[in-house]
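What follows is one structure encoded as structure tokens, with my remarks underneath.
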Amino acid sequence: MLSVKTNPLKFHLPVFDGPLDLLLHLIRENKVDIYDIPIADITQQYLDFLSLMESLDLAIAGEYLVMAATLMEIKSRMLLPQAPSQNPEDEEEDPRQELVQRLLEYRKFQATVDTLEGWEEYRKLLYFRGALENPEDYFLPMEAGDISLNELQEALKRALLSAGVQEEKVTAVTPRRRVSLRMKMAELLRKVRSCPEGLPFDSMIEHPAYLYDIVLLFLALLELVRQGTLRAEQETTEDGIILHMREDAV
Amino acid sequence: MNLSSAIECLLFVAGEPLNLQDMARALQCDEYTAEEALRELQLRLGESGSGLQVVSIAGGWQLATRMEYSETIGRLVTRNGGKLSHAALETLAIIAYRQPITIPEIEAVRGVSASGVVKSLQEKRLVAEVGRKQTIGRPILYATTQEFLHYFAISSLEELPVLENFEPEESDTAGGLLANAALAEASSETSQEAIYPDTP
Amino acid sequence: MNLSSAIECLLFVAGEPLNLQDMARALQCDEYTAEEALRELQLRLGESGSGLQVVSIAGGWQLATRMEYSETIGRLVTRNGGKLSHAALETLAIIAYRQPITIPEIEAVRGVSASGVVKSLQEKRLVAEVGRKQTIGRPILYATTQEFLHYFAISSLEELPVLENFEPEESDTAGGLLANAALAEASSETSQEAIYPDTP
């Protein structure tokens, strides 16, 4: 259940492959019938998720906003009273119908991803001849004359890129460095380890502090406590949080 | 001179999947004889405890190492190129089932922009341009390649599971390593129409 | 998991001679054990009637086909003779743009061993030895051939597409071949270090 409002810090932010993916997630989490989506609830949760993303300073792609508008439109159409009709056959079409069709279609493909992933994993256990020279050995040989000069150029670019010799494009603005949760956890662990007397959590917050960094730091802390690597102490709610290594953790 | 050993040599030097026709031509025999010799080779490799095996892949047969040696080999060979992302796999699945397909058509299914993913799949040679659709704007049509089959260690598109039967709730367990063989078997009933339901 | 079969796998994927040290490292055993397993493999291949054999070559061991199958293989190879693998194409591109170039320099770019690929390009007459570099070890310098131009249907190297963002080597080895105005111009913004981080 997406309990965004009640306990935001416990919430593990999943990554979605677009608005349809997010909607399917909400439908699954709420255990509702895809053919009879409670549109008002789902729309609310969808919007809550977008505002959560916003509060975490994550960019929201345009497709998500388009879907939000679609949901709200469906919701308002469902609120309109249906004109009574004599003939049940020309009853107005369910405003959710098109969306349901899209969700069903998308879900079919999503379901095949596991199969492909399994095949990919299996295939990675097989090696073919010449794998040492050609690590990406799913590149089958090419027929003579099948290769254009541009492909030759592309091949060199690829080789240079994979050798890590790409020229960095000069940009006027250096974007703020974004670290991952894993990196943040490693950083936190390193600092705590170097402070046997305990590390005040506040000292980890660098100024100027960005909301994103603070949330990430807190998520890192929660994760490390959950894993049993760190112990967090707080005398009273007024005091700062002091972090220790767990004695049994290496 | 023994036919099955000759086939072993052919598969060894080819370095790509060979079909029965290729083998029969080089062996100067008919395809039926080549197929028998191939079975004999598979049997011998298994019985003699060889580290190699014959796999059916990308429409032909190729020599490959057995799975249990992947860790040892991994210490000699560093493989670059990690796994495909979820978005890439999803896009590949759509292309595989609906090919030939245009980028707007992919986007209609996924609900997100697809050109970046398609471009990277194209660079990996897993999909290729196969023509243009005769509609307004003449958008490029994409299809999967031989490398797609090779990448997923399947022999043909017919091994793809039937889309209609897929229930996502049950799929969590389907990803097992050896789903390969079972799926290949299960899919043998599928017809070409089931694979390209939308193609005229 | 069997040591001799594991060695078979290593030799199979390597495509170039491996020495005992390489094998022992991948197998996580000592060289003596690796050597024993190698002998066992030789024995098994002989006894089971395999078309393959282990040959000692250039200070190492390599899997090769047995002589008696060379004619059969010949009938396959002549048909496939013109094919270039992805690795071959990439290596060819590096040689074309950076010629004359040594094998270690190619390896510095590709990050993997290049001698096997260069040898096969040489066999296809797409590249040739053109001299030796005046540095320690006097490594062989390679350059593309007339056949290379034929293969791509161009009349001179100057027709190669300009590589934006990548700089050709300006050093002693550049010679006349890359005195290509367009290439020099395109590269003027980049630094030497960025392209060959490992070259002294």
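Going by the order they are written in, the chains are A, B and C; count residues from 1 in each one.
Keep this in mind: a contact is a pair of C-beta atoms (placed from the backbone, for glycine too) under 8 Å apart; a residue touches a chain by one contact, two chains touch by 3 or more.
As the structure is a computational prediction, the values presented were derived from the model and not from experiment.
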Between the pairs A-B and A-C, the one where more C-beta pairs touch: A-B
Closest chain to global C-alpha mean, per-chain Cα centroids: B
Averaged-CA centre spacing for the pair chain B and chain A, given as whole angstrom: 29
Centre-of-Cα separation between chain C and chain A, whole angstrom: 41
Per-residue multi-chain contacts in chain B, two or more chains: 12, 15-16, 63, 65, 69, 73, 76-78, 80, 125
Interface hub residues of chain A, defined as touching at least two other chains: 127-132, 135-136, 139-141, 158, 162
Parts of chain C lying in touch with chain A, wherever the complex brings them together: 9, 12-16, 80-90, 92-94, 96-97, 108-114, 116-117, 151-152, 154, 159-161, 163, 165-166, 190, 194-197
Chain A - residues contacting chain B, complex: 17-21, 61, 63, 67, 102, 105-132, 135-136, 138-141, 154, 158, 162
List of chain B residues in touch with chain A within their complex: 12, 15-17, 55, 58, 62-65, 67, 69-70, 73, 76-81, 83-84, 86-87, 89-90, 92-94, 97, 108-113, 123, 125-126, 146-147, 150-154, 160-161, 163-164, 166-168, 171-172, 174-180, 183
Sites on chain C touched by chain B in the complex: 1-2, 4-10, 12-14, 18, 22, 25-28, 44, 47-52, 63, 65-66, 68-69, 72-73, 75-77, 79-80, 83, 85-86, 111-112
Touching residues on chain A, where the partner in the complex is chain C: 127-136, 139-145, 147-153, 155-160, 162-167
